[in-house]
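Reading through the structure tokens given below for one structure.
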Amino acid sequence: MSTLKEIVEFLDKYLDIKNDYNDVMLNGAQILINENAGVEKIGFSCDANIRSIKKAVKENCDLLITHHPIFKKEMKAFRLTNDLLSKRIIEAIKGNLSIYSAHLPLDFHEEVGNNISLANFLFLSSKTKIINAEDFSFVVCDVEFKDMDEFLRHLKEKIKLNGIEVYGKTQNEIKKVAIFTGGSSSLLEECLALTNFDVFLCGEMKHAFSWHPEELETCVVCIGHYYSELHGLKSLMQVLANNFKDIRTCFIDEPPLKKVIA
Amino acid sequence: MSTLKEIVEFLDKYLDIKNDYNDVMLNGAQILINENAGVEKIGFSCDANIRSIKKAVKENCDLLITHHPIFKKEMKAFRLTNDLLSKRIIEAIKGNLSIYSAHLPLDFHEEVGNNISLANFLFLSSKTKIINAEDFSFVVCDVEFKDMDEFLRHLKEKIKLNGIEVYGKTQNEIKKVAIFTGGSSSLLEECLALTNFDVFLCGEMKHAFSWHPEELETCVVCIGHYYSELHGLKSLMQVLANNFKDIRTCFIDEPPLKKVIA
Amino acid sequence: MSTLKEIVEFLDKYLDIKNDYNDVMLNGAQILINENAGVEKIGFSCDANIRSIKKAVKENCDLLITHHPIFKKEMKAFRLTNDLLSKRIIEAIKGNLSIYSAHLPLDFHEEVGNNISLANFLFLSSKTKIINAEDFSFVVCDVEFKDMDEFLRHLKEKIKLNGIEVYGKTQNEIKKVAIFTGGSSSLLEECLALTNFDVFLCGEMKHAFSWHPEELETCVVCIGHYYSELHGLKSLMQVLANNFKDIRTCFIDEPPLKKVIA
Amino acid sequence: MSTLKEIVEFLDKYLDIKNDYNDVMLNGAQILINENAGVEKIGFSCDANIRSIKKAVKENCDLLITHHPIFKKEMKAFRLTNDLLSKRIIEAIKGNLSIYSAHLPLDFHEEVGNNISLANFLFLSSKTKIINAEDFSFVVCDVEFKDMDEFLRHLKEKIKLNGIEVYGKTQNEIKKVAIFTGGSSSLLEECLALTNFDVFLCGEMKHAFSWHPEELETCVVCIGHYYSELHGLKSLMQVLANNFKDIRTCFIDEPPLKKVIA
Amino acid sequence: MSTLKEIVEFLDKYLDIKNDYNDVMLNGAQILINENAGVEKIGFSCDANIRSIKKAVKENCDLLITHHPIFKKEMKAFRLTNDLLSKRIIEAIKGNLSIYSAHLPLDFHEEVGNNISLANFLFLSSKTKIINAEDFSFVVCDVEFKDMDEFLRHLKEKIKLNGIEVYGKTQNEIKKVAIFTGGSSSLLEECLALTNFDVFLCGEMKHAFSWHPEELETCVVCIGHYYSELHGLKSLMQVLANNFKDIRTCFIDEPPLKKVIA
Amino acid sequence: MSTLKEIVEFLDKYLDIKNDYNDVMLNGAQILINENAGVEKIGFSCDANIRSIKKAVKENCDLLITHHPIFKKEMKAFRLTNDLLSKRIIEAIKGNLSIYSAHLPLDFHEEVGNNISLANFLFLSSKTKIINAEDFSFVVCDVEFKDMDEFLRHLKEKIKLNGIEVYGKTQNEIKKVAIFTGGSSSLLEECLALTNFDVFLCGEMKHAFSWHPEELETCVVCIGHYYSELHGLKSLMQVLANNFKDIRTCFIDEPPLKKVIA
């Protein structure tokens, strides 16, 4: 049986976890109960919240791999007490659950990254190009949509969600889509300085940047932070399953509980 | 006629602009074309974006007062070139438009703050209490709603908007509402450590904090960053009109251009 | 039954834990399994090492109070993995053992501090004076020993240990003894600038400071870091026993395993 | 017609503007009114003061290239208000005048630098050598003057100025002259550690360093900060005129207004 | 006989040396050969250069009090080797010469400060007012000169120096003179924001600030850094002579060796 | 006769003094009285304390080479006054004694380092391997001891000292000894992560790390900070003697004055 240590070493290497794009979060192993113990089952979830941790424990996972890490690179006055972060850590330790996280190294990975995985999911046969900057990376796909309506219909068909948001000016013809998962709308200006595109597809828009699409004369489409970042984890799950035949895997799908009032 | 300098001094004092709660943004005067010139008309808008600046210039405003500042307290390699920030600054200067901003000092002001103004707008006759922490402040209102549905109906009636979001567990009876405008959902845990409430009403939720309402066993209601922050500016507009009788004012309502796909 | 929260609040207040003399270590609660649970038994030990934690768990303690904290105030790239610190934390959490620590606030406390407690233990009836600097504090006792030999005989009689070390010049007559527990020999020069004494009694000497007694024409006596810091914990144990009658206490005496070859 | 963007790109590349010798000033584009607009005329001046800006506007320049930048690399609490810096920026923007600056990259440039240009102006036929350190660079010229008087007569003849200052011991025979324009006298000690010279020719001497020539047993000659830095700009003006045939240029000579009382 | 320690303590208290206006230089004792030794003679000089140190040693001074300190508050990679600073320190120690310095605390002292002493020297009977800012302080004198020529004639008569420099616009009638010794011309803008004056009298002008007088529509007169800072030291010398009757004093007048070519 | 400058250059190069392993101490020249003077005699001592400095002066040394430097890389508010550091510097300068120090570059040097020199002294014929980390380095020797007793007997025979301390669990058979001189016991965990060994031999143990040997299931043997660091200096002394035939050398053996009470 493969040990936790072997799996962590495989992930560190495969995801090139040390190249973290100056992430403020800490990538790699977060909690390792016993690195010499064998691993029978691995869960995958976007976040290391209580719900995901409890489910992973219930599913008898030895390890939970998440996209969003528990720890920041620098922590001041860190105590394990009564706050939410501490409760998650204590819950995991009591459940014998180790946790490994890959944030930016998973977003930008060339094979299983959130960007490339979402691009493949949405526009399977299209030509894609990875654009690299110092601290980030995104993907541009060649597509063919005659107008925004057609583009949005394609999106809805693929991701089957209400609440897609569109910011800025609508294009007549859509030939290039930039894909940058998560809260990347703050980087729209930098991305546009690197390459041209008709639509910028991302997860989440913050108010402070909601003027940018219009002022940059482009269009941003947000499909939700959570939904934009599921495909990288699923790709990684497949890679682990292929490389560690004796380990079982499960995907733990726990979106935020949110109700929108029409 | 009152000069720009006199108005800036009045605002600095009335808003106690030096007490900025360790804001990363720069509060107070942002651009003063000529502080000795007289001021005939003042515009008020949430953001100093191109649309608001152009409208203020078209309305013949000499000064635009915004909630969100143009400048951060510390700026690295700042140039006035081709980026969005520079374009706004150049647009204002060419239009002879001075700009003054009040961010956290306006959010937390005891008389015209965004928090207290929204509380008064929504729950006019209720008893309110200001809760102060080192770097922030919020308001708690005593209310009487028999359940969440009644509470949400009241909200919708008042703010007349689609898209209100509800996170976390729904309360049976609502007696205390915390009001903290803008992107304050990241401070939910700290607020709850300071006082109890049944609902936390704010502007915007970020994904990273979307698990908190549920894990803290409370409920968060988001009415939108922009809509949560209009009432402080309107209160401040009234104060200026009262104190400078010869100056005309206008409110520039420019919400972000956003379309939600059902 | 008193809750963990009540005990932590009592300790934070009694030890004035926020005044930490610019400690690099983090004082106060380190690990709280569940702050609302009741506490039946508290262990006290100098260090939160594996031996002390295991013994506290075996003794059914709910809380371990140590002198040396687990956490520093600032931590970089902290992970709970395979290192000694992580193993201690995981061991404590799995054993349902909360940990509270008081470092400099315990060393310098006026009633139960390590300095004053050791002074009382060694020179019971003598007059003592607390000398305060910005970042530290020590105690000076009026004593009467006709020479160093008599002084050392008295020490040995009291602390019953081999291996007491004497640095610097030997005094003829000893009238004032400074007491500063732990690794304080690095502060000898600062202490001597604040007041006069014939002997400086402390725990541990580092090589870099071993020249100081001689160059400052004074004498330093080291009784061992561990042995110098037991009396503060014992005084604090008594205070807790008096204030929480329903709680049992136990002292966990785990000195470092060290063998000296003659 | 060439655009502003093309000229900025040419300058950035030709001056290798990113290699800024750890300058505290910000090099390169300072203000670009519209980088896509065409440029008909470029002014060159040592400083971006009000007089130079007004003159450039009056001369219908689209761009002013200065040696001393407007912006520092890091700015705290920067506002565009009533101070001199703001007034210059507002004056330029209202006059549709873009500004580009090259400080240390112009001082030390191998072809058009202030150092090499002054060396060529003063000692045309002499052999010159560029000496490079980590954060600065200067030029040493082989010359032949039989004494200081002859050397100073040559200087006066060339630069036609009163007020040249001489510090330190006077040499009998002058064979090597170091040339380092501007306020470089503070670097005399470092320069002398790198190579030998008989005279150090620079712009300006600060009191704190006025003892150095004597204590280092060398001689410093100051011709004035302004006058030492005109030749680099003039060389650069020629380079631009050669590369952009359709653009007119003008040199804006605005020395500080200073009267010396005999 | 008074000891060095007593004199240092007197100076520290009289000059309130801890209030150093955020000076980058280190104020107070620089080198104390033996603080318990008696002091027979004290020299006073503006700078701790080799010439002043040698003269003080030759004059049998035990202590040299200077305006400009030897040490900065923070020093990186400080070695006592072959550089000018080291040579001065070694020269002083070998000559048994202690050094004490007072920089900003001497500039701004209310009784013996450089500012107030120069004001008294130049405009004896005039009314003076001290203007305090957070990090600096200057003096404003009420005077009566019918024009600039009369003012400059008065200056020349008093200080008997060639080379006084005048920057900016000349006033018709001079009623208020600001006095701020040393290299304070960089603070002209801040000073003018605090109070009005017709002339700003200081020591030294740097090129970067030489545009300010003109742009601020005021006038700056520079009498030389060295000559502006002699009077504070002379006042302090008198205070020491009065308080330590058994100590001899001498003033060491060592201006920089500078020749100006007409 | 070789000059001080030549010797410093030789040492800087031979010890590769710029590669200082991020030392907090300042390596290389500390005090150079006159770098152009000739050097007749060099003393070597572990520390630059008063006793060693006085002895070097008495022995007519021109230069003292120590392992522990005088200066840190960064010094705040450094004055040459009444403290121990100042007294050492003044004592050296008055005695015309220059000082050169090599801390980590001497510990880790491949030919004359403290680690390799101690290894050669203790286990002459054994195979040694240098293990390098980013900020430190240590040596591992292949040895053959049938148990701890035999190993300790060998040590005592070689270093002839009482007071060797043994921490942690005792091994049955000893095949690999790590050697890391000085206060390196704090790095035990990092060293063990790099390679295996049965015993870790070092100088000094601090209380905070005294639990580590036991918790890491290894054994640490401390022979004293001073005694662990003599052999590197002696090796270096030999290298200098070989390279500068005309210079005399002497070893100044000044251990700390310490008495242990049985």
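Note that the chains take the letters A, B, C, D, E and F in the order they are written out, and that residue 1 is the start of every chain.
In this text, a residue touches a chain if its C-beta (ideal position, glycine included) is under 8 Å from a C-beta of that chain, and two chains touch if they have at least 3 such contacts.
Here the structure is a predicted model, which is why all the values come from computation and not from measurement.
Under the touch definition stated at the top, subunit A and subunit B share no contacting partner at all. Counting hops only between chains that touch, subunit C reaches subunit E in a minimum of 2. With rounding to the nearest 5, the Cα superposition of subunit A on subunit D corresponds to a rotation angle of 120 degrees.
Set against the Cα centre of subunit D, the chain with the most distant centre is C.
At the interface between subunit C and subunit F, two copies of one sequence, more than half of the residue numbers in use appear on both sides, so the contact is built from largely the same positions.
Between the Cα centres of subunit A and subunit E there is a gap of 63 Å.
Inter-chain spacing, taken between the CA centroids of subunit A and subunit F, is 51 Å. Contact of a single residue of subunit F with at least two other chains is seen at no position. Contact topology of the protein chains: cyclic, one closed ring where each chain has exactly two touching partners. The ring sequence of chains is given as A, C, F, E, D, B, with subunit A as the starting point and subunit C next.
Against subunit D, in their complex, subunit B makes its touches with residues 26, 28-33, 35, 71, 73-82, 86, 89-90, 93-94.
Residue ranges of subunit C in contact with subunit F, taken from their complex: 47, 49-51, 68, 83-84, 87, 152, 156, 162-168, 182-183, 189, 203-208, 210-216, 225-226, 256-262.
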